[in-house]
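Structures for review follow.
Across the two complexes that follow, chain A remains constant while its partner is chain B and subsequently chain C.
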Partner chain A sequence: MTHVVTDNCRGCRYTDCVASCPVACFHVNEVRVYIDPAVCIDCSACIPACPVHAIFEEFDLADDQQHWIRINAEAAQRYPVIRTRLAPLDGADARRQQLGL
Partner chain B sequence: MSTHSSETLVVRGACPQDCPDTCAFLYHVEDGRLVEVTGDPDHPMTRGGLCVKLKNFAEHHYNPDRLLYPMKRVGPKGSGMFERISWDEALATIKSRWTDIIAEYGTQAIMPHAYLGHQGTLNGLTAGDAFFNRLGSTVAEKTYCESGSSTAWIMTVGPTGGMDVESLAVSKYIIVWGMNMLNTNLHGWPFVLKAKAAGAKIVVIDPVRTRTAKQADWHIRIRPGTDAALALGMMNVIISEDLYDHDYVEKYTLGFDQLKARAEEFPPERVSEITGIPVVDILTLAREYAGTQRSAIRQGVAVERSPGGGDAVRAITCLPALTGAWRYPGGGTIEMPIWEFPFKFDFMCRPDWIPPGTRVINELELGAALTGAMPLDPPIKSLFVYNSNPVSQAPGAGTIVEGLQREDLFMVCSELFITDTAKYADILLPATMQAEQLDIMVTWGHLYMHLNQPAIAPPGECVPNVELFRRLAKTMGFTDEHWDLDDWDMLRRCYDWDAPVMKGITLEALKEKGWMRLDVGLPDERTPHATGDFRTPSGKCEFASSLAAGGNFVVPVWRSGYEAMQPGTSVDPVPNYIPSVETMLPDGASAFPINLVSPKPHAFLNTQYANEPTQQRRQGEQIIVIHPMDAGPRSIEQGSYVRVFNERGAFEARAEVSEDVSPGLMMTNVGHWPGLNRSGTAVNSTTSTRHCNLGQAGTYSDNRVDVQRV
Partner chain C sequence: MSIPGTEGQPLRVAIVGSGPGGFYAAEALLESGLQVEVDLIERLPVPFGLVRFGVAPDHAKLKSVTAVFTQIAEDPRLRFFGNVELGRDVSVRQLGALYHAVIVATGAAGDRRLGIAGEHLPGVHAAGDFVGWYNGRPECADIQFDLDQEVAVVIGQGNVAIDVCRILASPIDALRRTDIAAHALDALARSRVREIHLVGRRGPVQAKFTPKELRELGALPGWQPRVDPGALVLNDASQAELAMPGFVHAPRNLDILRGFAQAPVEDGRRPLHLHFHRAPVALSGRSRIERIELEAQVLSGEAGAQSATPTGERLSLPAGLVLRSVGYRGTPLPGLPFDLVRGALPHRDGRIVDTGGTVLRGWYATGWIKRGPTGVIGTNRADSVDTVAGLLADLAQLDTLKAGRAGLLAQLSADRRKVIDFAGWRAIAQAEAERGRAGGKPAEKFVRVDDMLEAAVVAGAPRSWERA
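After this line comes the complex of A and B, so read on.
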């Protein structure tokens, strides 16, 4: 069991999720964040925090989104932990509008 | 919150569960229906998030299996065949059966059985105490959890709240000792992370490489039940290397010379043999702990779950007085701050109503009490179960089931669902859930008072426990004023609202704000024992306990306020290492070579929510974690189904082969409903009913088993 960050995060990286996470399970790179499944404790606090609805509990993922489980697990090993909120990426609001959110 | 319409009514509440976090709830209600329960974003602990266990809490209220009406048994005991009856018929049946039992056997033939299925002031641990004390029933000693730690804590530092979990944020060295905080004290973890970000070292002492251990800077694997030896070994190093705070010890502790003599018996080499921890690690831990000020120890309940568990808690609780850690904010130890709250237990429990000479039966010995293995005169002829599920949660489950099948046992059970215990009842009574009742929540993990206000009407004919006992009292003809008080009157009388810690806190203010902090100082400044002020008879931290002279005792809150008929067995004034009975058997001395520990599950709260399909998906089925060296010779592979067994019983589980446990150690979780498991049994079919050396707590971690592939 874990939660995963899906494609909506890419190019936005609002990181409100990070502030809501009690266990610091988010990892970050230049364009988005990922969740470490070994650390996530399934509390779902991050889900409503995300302005672009990028985060899902593993078993709520649609069939065509299942690959994000593996991507999050692998990327979490590669990128550093993020503990505090960052400014959103330039263009985040535009992407959010593009996503219709 | 934003997802709901402006028609949404938001009502403040608080989590009912037996957990140190006691979260502040916001109930979201639309057209009289509870649509969502969220965490209060303004609460310093809750921080807007609940936990995996509570994720479907709103839906839980509408679970179609809920018990909504009184029922009577219409099939054989345990068949689960029940028929709806009225409250009047249920109460009349209880009165009639109890009247007959009392006439023939006396009132002590009736025994209540309760624990912390609900953690409210009105509806929780002590909800039925006044009623059963008035009735003159056997006093039930409720020692499922924490009782050993409570006795140990009070013997050492007295009924003080100790350190505030929020103060961990300013600690520089944190030892999490016997607790998987990420599973069971989640809302305390952000303070640990804050300390870590500021440079603190996080050490986890746990036999299992838990989620929490994986997040620590240092995980020390300890053999279960040997915590006292480690604490005494640390003292050995701290004293022999002169790392202790002489001034603090001299001014604010009692019995240093005796403690020093005891610690001398535990050189690191001996401690290493006992605990399985390398000598170098014992030395490093002791030196770092004593050498880093603002050091904190977060004690978990796991420490008490072995035969020497009480003394282990005493020994650990001595450490911050030895090093003077109490001098600093973020220094000291956290066990259970519940003692800071000004409860009026005498009002809640009415121990003055207990007839002199009334006997005490420990709840963990329920099976023996019901089957005759424990000689009793009079025998138990009626059992009244509420807020508890002994078939799943008490040790020795097999014997309990045998006892509950007795045709002559009149059993009443107040419940939310027909659990593995409730199915043996003769009369079932429907209880409310948290959104349907008023209460002030008791908390044992932080320093806030919470008022839980009802957000929706109870379904069917469910009643809160407080109302259940009012009805029973009237049915039994009790005319005391106590039974005429409404919930608000009771809340006013359950607390000393004039106590200094309650400054500014009123029921009216709680109605508006939902929660308020006790006036005990701020987390980053608070030093409750910087200059002693321990609540022991001497006012000092008692390395040599003056209360030991009275022998072993259970703190009265765990036994309906009753002071008499304590176990009274001899207690060493100075904490010692008391070896486990089963775990420490030498290789080959037991037919059962593996030690099994059974901590709490991730997605259930004990057995609660374990009947919710969504939570079952999150938790997964009953598993055991087994080391490859134990799995290999038994042909057990990842995912194999296995049978775990000993002379007491057996259960089946799916194997996870992992080095998260050591060779010779397996882990499983308590809380899966036996009836929903493959074998119809769960881990407590294998556990023993021995007690920990203090407070009559259980010894769930001292459990030898074997395992085979099925």
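After this line comes the complex of A and C, so read on.
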């Protein structure tokens, strides 16, 4: 099992999840973050930390979201680890509103 | 006078408590970019707090966070002071005089009582003591839990309550390959518990457990979680709470509970009853606990602020073992203010304040002793980052000229205190791993402080009082 960051993160990248990750399993690119499944210890601290509800336990992913498991695993290999919070992206609050959150 | 944290004037910080809150505070200081000297003071000879003594032995993946803590401890600017207790070996006044800043991260090990008749009866325990017992916590090693009983009642709606149910219901072979304490493994192997009741005052939406823990109850071989479907019918406020930010786990919990409620009862499986809207009102028995009286509750009030009130309807259950997990409290530290209502240190943004609200310069709090017993391991990292950010913002106000580590070492060696450093802990951990190997366990923990000290010493770990 692992935890997975889904599409809501794109364009927000609030990174509150990163501060609450006990094992530095988040990786970041210009638009969003990903979780390295080999490092995540399933503590779930990131789930309530995310303002846009982007993070799920693998077990709880809807059928049409299953592809995010592979995307997270692959992207985590490609992008650098992020260990401290960044400022949200420009437009994050607008996207959050658009998401109805 | 220069500000602490610069060349030649390192910021000297003592952190009291080496659980997650303490380690993440250390990490934040080490990554601050300043010159720092961080001393991590731990009451026991062994580090990691509730990761060692709280996280259930069958949750090995969660426990692997100790690898991160070990990495933090390996930083040469950090020193571990095991077997040193605030209040016993060093006072608040002394620590404050030695360091620019002190971060208190002592957690919340005390338990809240139910406050009902019969709570003193043998067979009624704090769930936290049961957790400490199976995890080899020295203070809990000699408690006797009578597992000759057939019915166990666990009171509470958080992950501790679920952990306790799961350990009681786990097949013994699933526990044999964990680092569960040997005395607990022996007792659980002979357990006669065949019926468990998990009892909570509030409803499924307000329950504090996480979906991962709840789901595990459905995967216990030989046991079946049972829920009255009527308990899952929500009032309007609970329905509204499902979409509120403070209830992020509730929709998943509700799905899982509905799954439990709909599953046909299988006769061969022992029942694990999940009761909602029921609160204990009395415990009774002749010479030990025999029955528990529950009273039905109804929720009322605004969404997000509902409270439970009794309806008068009662239910009586036989009970041979009662474990309560209805909240945890920190322990007051002599010389520091304390918020008796919250059971935590009074603070403003992590700065400890006195009863009048005045900041105690140089004193900070993080983890459960700061915010109360909420959240999971990672929650403490964000919390400690916040506390350390406050400390770093205060640098110009801190007293300068502090003796720091050298001063603490001098004092402890004058008192001939046995201090266990991280090499000492490694020797203990190695001895525990060797003890575990024979039985196929990752470790067989020492449950006596003296045995821990001896393992550290036998391996030739340096002790400050010898070197001084």
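Criterion: the second predicted complex is superposed on the first by the 101 of 101 C-alpha atoms of A that agree within 3 Å, B and C clash if a C-alpha of one lies under 4 Å from a C-alpha of the other, contacts with A are read in each partner's own complex, and residues count from 1 in each chain.
Please note the rule applied: contacts are C-beta pairs under 8 Å (C-beta built on N, C-alpha and C of every residue); 3 or more make two chains touch, one makes a residue touch a chain.
Remember, predicted model here, so these are calculated numbers, not experimental data.
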TODO: State whether A:12 touches chain B only (first), chain C only (second), both chains, or neither.
DONE: neither
Task: chain B versus chain C as contact partner of A:4, first or second or both or neither - done: neither
- [ ] Figure out whether A:43 sits in contact with chain B (first) or chain C (second), or with both, or with neither.
- [x] both
TODO: Classify the contacts of A:24 with the two partner chains as first (chain B alone), second (chain C alone), both, or neither.
DONE: both
TODO: Return the chain, chain B or chain C, that is in touch with more residues of chain A.
DONE: C
Task: Which of chain B and chain C A:60 touches, first, second, both or neither - done: second
TODO: Once the two structures are superposed, pull the chain A residues common to the chain B and chain C interfaces.
DONE: 1, 20, 22-24, 41-45, 48, 59, 83
Open item on the list: Taking the touch rule as given, give the residues of chain A at its contact with chain C in the complex, in rising order.
Closed with: 1, 16, 19-24, 41-49, 53, 57, 59-60, 83-85
- [ ] Would you tell me which residues of chain A are touching chain B in their complex?
- [x] 1, 20, 22-24, 38-39, 41-45, 48, 59, 83
Task: chain B residues within the chain A interface of the complex - done: 3, 39, 47-52, 55, 182-183, 186-187, 189-190, 193, 197, 211, 214-215, 602-603, 617-618, 620
Open item on the list: Which residues of chain C touch chain A once you look at their complex with the stated criterion?
Closed with: 20, 24, 31, 61-62, 64-65, 68, 210-212, 215, 245, 248-249, 252, 375-382, 385
